[in-house]
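Shared between the two complexes below is chain A, which pairs with chain B and chain C, respectively.
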Partner chain A sequence: MALVEVVVAVTKKTKNTNSLAALTIATLALPGISPTAIAAEAEYFDLDSQFTRYSESNNRMKIDVYQANASIPFNDKFKLKINGVKDVITGASPIYYKPTNGQAKMQKSGASIKDVRDAVDISGNYIHSAGNVGLNVGRSSENDYDSTFFNIDSLLDFNQKRTSLSSGYGYSSDNVWAVDHCPSDYIYKGSQCASIPILTFPPGLIPQTFINNGMYRRPDVGGEKQTHQGLLGLTQILNKDALIQTNLTYTHNQGYLSDPYKDAYLEGATPLCFHNDCGTYVHDTRPTNRDQFATLVRYVQHFGALNAAAMHVDYRFYADTWGVDAHTFEFTWIQPIYAGWNLTPRMRYYSQGAADFYAPYFLSTRADGFYSSDYRLANFGAIGGGVQLNKEFFNRLNLGLGIDFYERKMNYGINGGAGTAEDNFSFSMFSAKINFKY
Partner chain B sequence: MSELTLFNYQFKAMGSPCQVQIYTTDKVTSKNIADAVIGDIVRLEQKYSRYNPKSFLSEINRYAEAGKSIEVDPETASLLNYAVTCYEQSDGLFDITSGALRKVWKFTQNSNTLPNPKYIDKALKKIGWEKVRWANSKLSFSRTGMQLDFGGIVKEYATDRAAAMATQLGVKHGLINLGGDIKVIGSHPDGRPWQIGIQHPQKKDDIISAIGLTTGGMATSGDYERCIMINGKRYGHILNPITGWPVQYFSSVTVVSDFCVLAGSASTIAMLKEENGTQWLTNLNLAHQWIDHEGNVGGSISAINK
Partner chain C sequence: MTTLTKQLFFFAIYSIFLTGCVQKLSPWERGSLAKPQMALETLPLDSAIMKHTYTSKEAASGGYGVGGGGCGCN
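Up next, the complex of A and B:
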């Protein structure tokens, strides 16, 4: 109801019947007259720390994430933010799938993965009279991946802050490779782990490709890749309680876009042996170019009468030149309860169609030479949900606890394409968060 | 949970008696909150006072007087944007450039003559928002002798901000009253609404009606507080920027809205619209009450409260 009125008010400003809508919108643009606006306006030195544990079912991956960031306001126009993340990944990940009695049978990574990622980034944000501009640069490294990136973004307010236009560009240059274990006491030599006891090497003559703990960098997979990303977004305040947001993202990747750890079963291929595990498989091989398009529509509605609750409804559509397309529906409800307690339940549904060159296993060669059995390129659907509980103390300290569940199933998907029930899995995620401002 | 007590802080700001009434658990907390809230009101008074030569508004007016351009801060910019909306919605009647008329009309006790129409016409040439260029936080005055006046906006804006600030500091029940511009924060702790009386425009100690508020703001515009009587005719201080003469129809208009600033500008626009004001208020669809010079009372509030 109000939505229609406001749309009219914006186009025919001087009509009497729409005065209330026009005046209300102008009122809401005044700084600090609703309590939340004051909160956004105050500039604090802000410290944030978060711990998240993600664990998949069937002893697949487990990831622990420690994150801390500090936000330092220099004045009311300029703010600097430093963010650090440490991830520890353990567990096993699917490598490829063997056809067994007509069904795909997953072959997990033999040795368990243990990977540590360290990332740091710095961003600066400058507020000017018509909006703000930001620059973010960072670096992330782990034992099989490194990335250097930057992003610039800009937000412009116009139409008396009823409308804002955001735009951004990001670039990243990455290097990806695979590390693997040699059997204990053996080291990498030539193209395979040689059966030479490590003790036979005189000190100081251990080959360069030997990393540590018997890990070596595989020479047969990996490479460089570049990513360019552009974003254009529009936010429109509809009335004092509602807004709508849309954005469009375009991403171009080029370079080595395959997964260096994954292989695909190919009937009739020359058998390859690795760690005494022989099979007719080929390395995960994908095109060296990918163009991705995504669009998001978000509607936010506040309910003053329900103790200032808010509802977010999102829809996202994604498509890329590899033939993957996806729909995401998400619903979030933010409910302030009492005395600084907030409860935020959310629900999500995702459906994806498979990439053109995806199959759980391949019984014949493909003309284009691309093969992938990566479960992330398969046809599937997923249902997720979670709830977060927050409590604010003295307007300064915020503590949060969250739990999320996710279930992926091949037959939850509506998009179609190849897939396998072997990749059905679920995960749970717990998070704890502390935020302090002073 | 400890008991809540009502603390009432009275002070003078923006030329009016003011009150901050808040329920807190103890006096120290209430004092800290009141200090912060009153601090912001004083800040706005110092920034936007027409009378204080050190205010930012006085600085703007020196540029306006000289017909020059000045860059303004984001807060002033948003108030100007708000004023533009009022100008558009009132078909040019709510005009923050009408200051030049105040030099011609003096509403003091001993004024007993009407201004010379020649001077009114002269003042009108220096009035009109359309003569101001306003873009990208820059105000440019196309002619000399212009004046801006945030009357009808800043006090009401300060009221809304004070309430938001108190809420932000933990107040769940309270009332802010800056010279009749009111914003309430919830009800009383026991759920009773705040009873707010609307003063009778002709009989100073009489309340014409009372309204109970548990949320939102309320503002009254009237010409009864400052007016002059010449040859038995009242001339109120609310001036029509198009004719240059005081408006005649209503003696007071009260509007209730979520925000005090909206209530304040709506009541002023209604006063300026004179006989068309009743229809405009009805179309606006906000609770309101009007009293005309003949003593007739109307509007949706009286219908509820009688």
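Up next, the complex of A and C:
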């Protein structure tokens, strides 16, 4: 990610200089010339913020996202970045699916989800003679999830600075659990559900953690997990108008990797009751290890004859040890129009195959004991697209508006595997952004 | 997809770098590459939220970099 920051950072800087200086700095701002680039950009304080409203179809999730990022230069060798995000989440989400006349019938949570996610991270970037190195630490917390993480990354230039080698490592330690309302027939005393007449807990487990307003932390699901990530990337300038980047990432997850809110219908299972809803379903149960591999190729082409437009084409191949494989194609066209106006249309296609242990519902037990009906592990495809409009004022202020749409359908997929059209949905995202620097 | 198919797929992608189509460039020939629209991430905050959204709604993730923690997204 360091390389990305370098290029973005320096191109912002060029807007504040005269043409000769801008060209000089911009020239140095290329992949592989990152130290100078960061040094130039580090003279400016940069504040970036964005508001986004995310809305899903069928009265599912609605999220308001507030983002802010400040880049603070200390000297020509070191800069600090602070990044904050707040998500305000409301809505409903699928829990499990019942077979009805041979079709999967979704059972949603009801419009009961209310959560807030707060995340903050701080990063420092140090420039040395052959590249730069960065360190990032952060924390994210929700009512039912917390995560503490750090990342280190490095960028090295060689081949007369036409080639850059990036590498990185990230670690995350997370806790996940489920929070729920006290069932209506609970005897409610103070801040506790005083009895548990319906909920079937594993032997020896009773609710230990209660939360205010009739909410409590379920003791029967949840746990800890750790994530290790590694990245190796290469960026190559092909000619004066094109560059290409390829990245390989490997991620190892271990611990509680199930979704504590989701269940799976299993024919013949011991009836499990919750909130007066009894059925032969089991908790979402996944392996405690997952290895993920992704390779990304990004190609960027400049078109001088089209008012300096730029085309971005990305392709990612993904596979994991749960049996999921996926293809992602993205196309973005950035068109400078006039007097600081930029129009950026984009399109995206995604397809994934189902996980080995996924099914909308299960009519027999599995030998490995893994069950998931999580719609995100199903076979499906998705088509998305949107457009961004930006305008720069006074070489200091940049305002933008954006809109994006996404439609997921089972029959859009090309990978194969189990799935259900019951999970078809769409979402829209509207965003407004402001960038200021001085 | 079999393991062999995956290996071949990865090899095909990395063979892009074996094509020998790379040109030598002087610093003054790199002006176009340095323009804002040529940055790999032109809108960092927008890119961050889009990737976060896709990771929350799809099984695939990774490729773009390391960093960030998980979420209890549904």
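One rule holds in what follows: the second predicted complex is superposed on the first by the 367 of 438 C-alpha atoms of A that agree within 3 Å, B and C clash if a C-alpha of one lies under 4 Å from a C-alpha of the other, contacts with A are read in each partner's own complex, and residues count from 1 in each chain.
To be clear about the criterion, contacts are C-beta pairs under 8 Å (C-beta built on N, C-alpha and C of every residue); 3 or more make two chains touch, one makes a residue touch a chain.
What you are looking at is a predicted structure, and each value in this text was computed from that prediction instead of being measured.
**Q** Residues of chain A touched by chain B versus by chain C: which partner has the larger set?
**A** C
**Q** Looking at A:350 after the superposition, I want to know if it touches chain B, chain C, both of them or none. Which is it: first, second, both, neither?
**A** After superposing on A, A:350 lies in contact with chain C but is clear of chain B.
**Q** After superposition on the shared chain, which partner residues are touched by A:160: those of chain B (first), chain C (second), both, or neither?
**A** After superposition on chain A, A:160 lies in contact with both partners, chain B and chain C.
**Q** Tell me which partner A:241 touches in the superposition: chain B (first), chain C (second), both or neither.
**A** The second partner, chain C, only.
**Q** When the two structures are overlaid on chain A, which partner does A:103 contact: first (chain B), second (chain C), both, or neither?
**A** In the superposed model, A:103 contacts neither chain B nor chain C.
**Q** Examine A:288 and indicate which partner it touches, taking first as chain B and second as chain C; both and neither are also allowed.
**A** In the superposed model, A:288 contacts neither chain B nor chain C.
**Q** Can A:334 be said to touch chain B (first), chain C (second), both, or neither?
**A** A:334 contacts chain C only, not chain B.
**Q** Which holds for A:130: it touches chain B only (first), chain C only (second), both, or neither?
**A** The first partner, chain B, only.
**Q** Check chain A for residues that touch chain B in one structure and chain C in the other, and list them.
**A** 14, 23, 25-27, 29-31, 160, 240
**Q** Given the complex with chain A, which residues does chain B contribute to the contact?
**A** Interface residues on chain B, with respect to chain A: 74-75, 77-79, 81-82, 84-86, 88-89, 91, 136-137, 157, 160-161, 164-165, 167-170, 258-259, 261-262, 265-266, 280, 283-286.
**Q** For a test of understanding, state which residues of chain C touch chain A in their complex under the given definition.
**A** It comes out as residues 1, 6, 9-10, 13-14, 16-17, 21-25, 27-46, 48-50, 53-54, 57-72, 74.
**Q** Please name which positions on chain A make contact with chain B in the complex.
**A** 13-14, 16-17, 19-20, 22-27, 29-35, 37-39, 129-130, 160-161, 240, 395
**Q** Sort out for me which residues of chain A touch chain C in the complex.
**A** Residues 1, 3-5, 7-8, 10-12, 14-15, 23, 25-31, 48-50, 52, 54, 61, 65, 67, 69, 93, 113, 115, 117, 119, 121, 136, 138-140, 142, 144-145, 147-149, 151, 153, 160, 162, 168-170, 172, 174, 176, 225, 227, 229-231, 234-241, 243-251, 259, 261, 292-298, 300, 302, 304, 308-310, 312, 316-320, 322, 324-326, 328, 334, 336, 342, 344, 350, 352-353, 355, 376-377, 382, 388, 400, 402, 404, 406, 408, 427, 429, 431, 433 of chain A touch chain C in their complex.
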